[in-house]
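Okay, so subunit A shows up in both of these, paired with subunit B first and subunit C after.
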Partner chain A sequence: MWLPIFGLILGVILGLLTDIRIPEEYSNYLSIAVLAALDTLLGGMRAYLQNLYDEKVFVSGFFFNIILAASLAFLGVHLGVDLYLAAVFAFGVRLFQNIAVIRRILLAKWTKSPEKNL
Partner chain B sequence: MKKDIKWGFTGISIIVGLMLAIQFQTVKQPKIADTRDGWELRTQILAEQQLQSKLLTEIRELEAQASSYETQRSQSKETALKQTLGELKRESGQTKVTGDGIIITIKPLAEAELLGETIHSISPELLKRLINELNMYHAEHISINGQRVVNTTVIREINGEPKIDGLPLSNYPITVRVLSSDVQNLRDRIKVSKVIEQFFIDNLSVEVSDPVKKLTVPPYQNAIKSKYLEPAGKE
Partner chain C sequence: MSLKLKSKHFVLSLVGLVLGFMIAFSYNLTKEKAEKPKMSDKSWDRDFQLREKLVEQEEKTRKLQKELFSKQAEVTSMEKQISKETENYSNITKEMDKYRMYLGKVKVKGKGLEVTLDDGDYQSSGDVNNYLVHEQHIFKVVNELFISGAQAVAINGQRLTRESYIVCNGPVITVDGTQYPAPFVITAIGDPDVMEAAIDISGGVKEQLVNENITFSVEEIEEIEMEPVLGSK
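Entry: the complex of A and B
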């Protein structure tokens, strides 16, 4: 359980240390991609806790969601419609749902056996 | 199995972390610029002003340099060449020339007209002779009826009509403008020259004006053909 969190921290440190910066005009795409990635990550966690986890689904979903979100934002920019808002909305809703499910599962597990951690 | 899950998850986590960090850095960047207080801004302005004055000094220096180059260039061979070219053009009749000169007007003799004699158009030989005479007395630039006379100018009869470089000379009066550095001398000599008498035989009178200041002779209008001229090979 701790390894993914450690990986997240490692990624953040790596990103901060390497001082990578993307051009201002692409920051929209990256933000939407980050949202998609977070959503996928939480979805994966939820699936894992529900014992529905599938490695292939998770990894493919991760990249597919990111690409879809970024291309949606790209299309929105070129159509003059803020299409990325659709992605933000969809991912935001799913994010909250996933978090709610995770919270419930964790809560249920904790009330069942308080001393036993995952 | 569980290990695999963790590795996949970890890899994705690292990527997400990296993306987060990059996004954070990208978004965070402009905010730093906005947190400067008045004093910092003042310092910044001072630095920019110093840079500006430095750049201005640089511009001034470069301009001075450019002008010095310009001066050097004007004294260089190229300018000499250009000057020579200009002089040659002037000499060959490709430029408009203004200077002291006389105007020679050729028109039919009034007496002959009264007597009803037919006035023939001017004969090219006569005109050529006049030009030769003028050249003999150091005429520098000549134009006939606004057509500049250059070294290759042709005066001849085409179908009974006298023409100078293709321009007909059938109508009188014919005006010849002559520029010279010694106008008075030229005028005196042409007045007593025999060519005037030749004109008289053809029932034509020649009037030589007093020296005129600022007389303008037009440039040669056609292209000067140098069919047989070639640049000399290197020796």
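Entry: the complex of A and C
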């Protein structure tokens, strides 16, 4: 249970400590990738709460979404179309939807559990 | 089951690692980026300040230009005044030339008259003094010449000035410290007709001097040149 959290903390520390400079025009891709990662994570959480969780889908989706988002942004830059906006929009909408679903499920659980306790 | 759980945790931790790394890295990156807009903000401020300075300078320049124009107008009017004054000065210079001529400070040249006075022929009877040219004779001639419009007078080439003195000293006459014997040649620059008429007038200088046994001759000369009086003030 603690291993994933430890991994997260380790990742944050590594990210803060790395002194790698990447060109500014690529920072957009990274932002999109982060957004994709967050979206996938929340999607996974929702799936877990809905008992639809599949590890393979989650992990493959996580990495695939990151790469896809980054390459979409890359393509957009090279085509002169702001395709990263599409990614931001899509991931943003799904992010909010996922959060909403998670919140409802948690709310339902929270309202049910006191009844159980009672 | 336990192995499966472990592998599950491992995969999840890998996901967490990547996520954490990406978030942290992105955070770092945006933080750096955020510093740049601040810089540009500063530069914008600076730009604004410089612009204001520029506007200020332009206003100053305009003001100074106006001042310059007004000064130029002033200078032009001053120059006009100066040119007028210069005209006046040139008039004054002409006058000065004239007065210098009168004072004997410059060389003069012109038509004139030459009056020669010589001692009369002494006939061994009577006082010899009655036959000599005396200072009063010369005074008379010189005064008559000046009165009739002589601009410059000289005795034996010695130019007379307003400070000149003529003293009778025995047989010679001293003009400004220089002794001259007879005959005395008095040259005068001026209108020769007027001067001659003034001298020849009946009862005038010529008659008086001839009555006093002095040999008197008058000659008109086309051009007389007189050197300036040396050492004159």
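In this text, the second predicted complex is superposed on the first by the 101 of 118 C-alpha atoms of A that agree within 3 Å, B and C clash if a C-alpha of one lies under 4 Å from a C-alpha of the other, contacts with A are read in each partner's own complex, and residues count from 1 in each chain.
Heads up, the rule we're going with is that a contact is a pair of C-beta atoms (placed from the backbone, for glycine too) under 8 Å apart; a residue touches a chain by one contact, two chains touch by 3 or more.
If you're wondering where the values come from, they're calculated on a predicted model, not measured in any experiment.
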Can A:Phe6 be said to touch subunit B (first), subunit C (second), both, or neither? both
Determine, under the contact definition given at the top, whether A:Tyr48 touches first (subunit B), second (subunit C), both, or neither. first
Subunit A contact set shared between subunit B and subunit C covers 3-16, 20, 22, 24, 27, 30-31, 33-34, 37-38, 41, 55, 58-59, 62
Interfacial residue positions of subunit B with respect to subunit A in the complex: 4-27, 29
Sort out for me which residues of subunit A touch subunit B in the complex. 3-16, 19-22, 24, 27, 30-31, 33-34, 37-38, 40-41, 44, 48, 53, 55, 58-59, 62
Flag every residue of subunit C that touches subunit A in the complex, lowest number first. 8-30, 33
Of all residues in subunit A, those that touch subunit C in their complex: 1, 3-16, 18, 20, 22, 24, 27, 30-31, 33-34, 37-38, 41, 55, 58-59, 62-63, 66
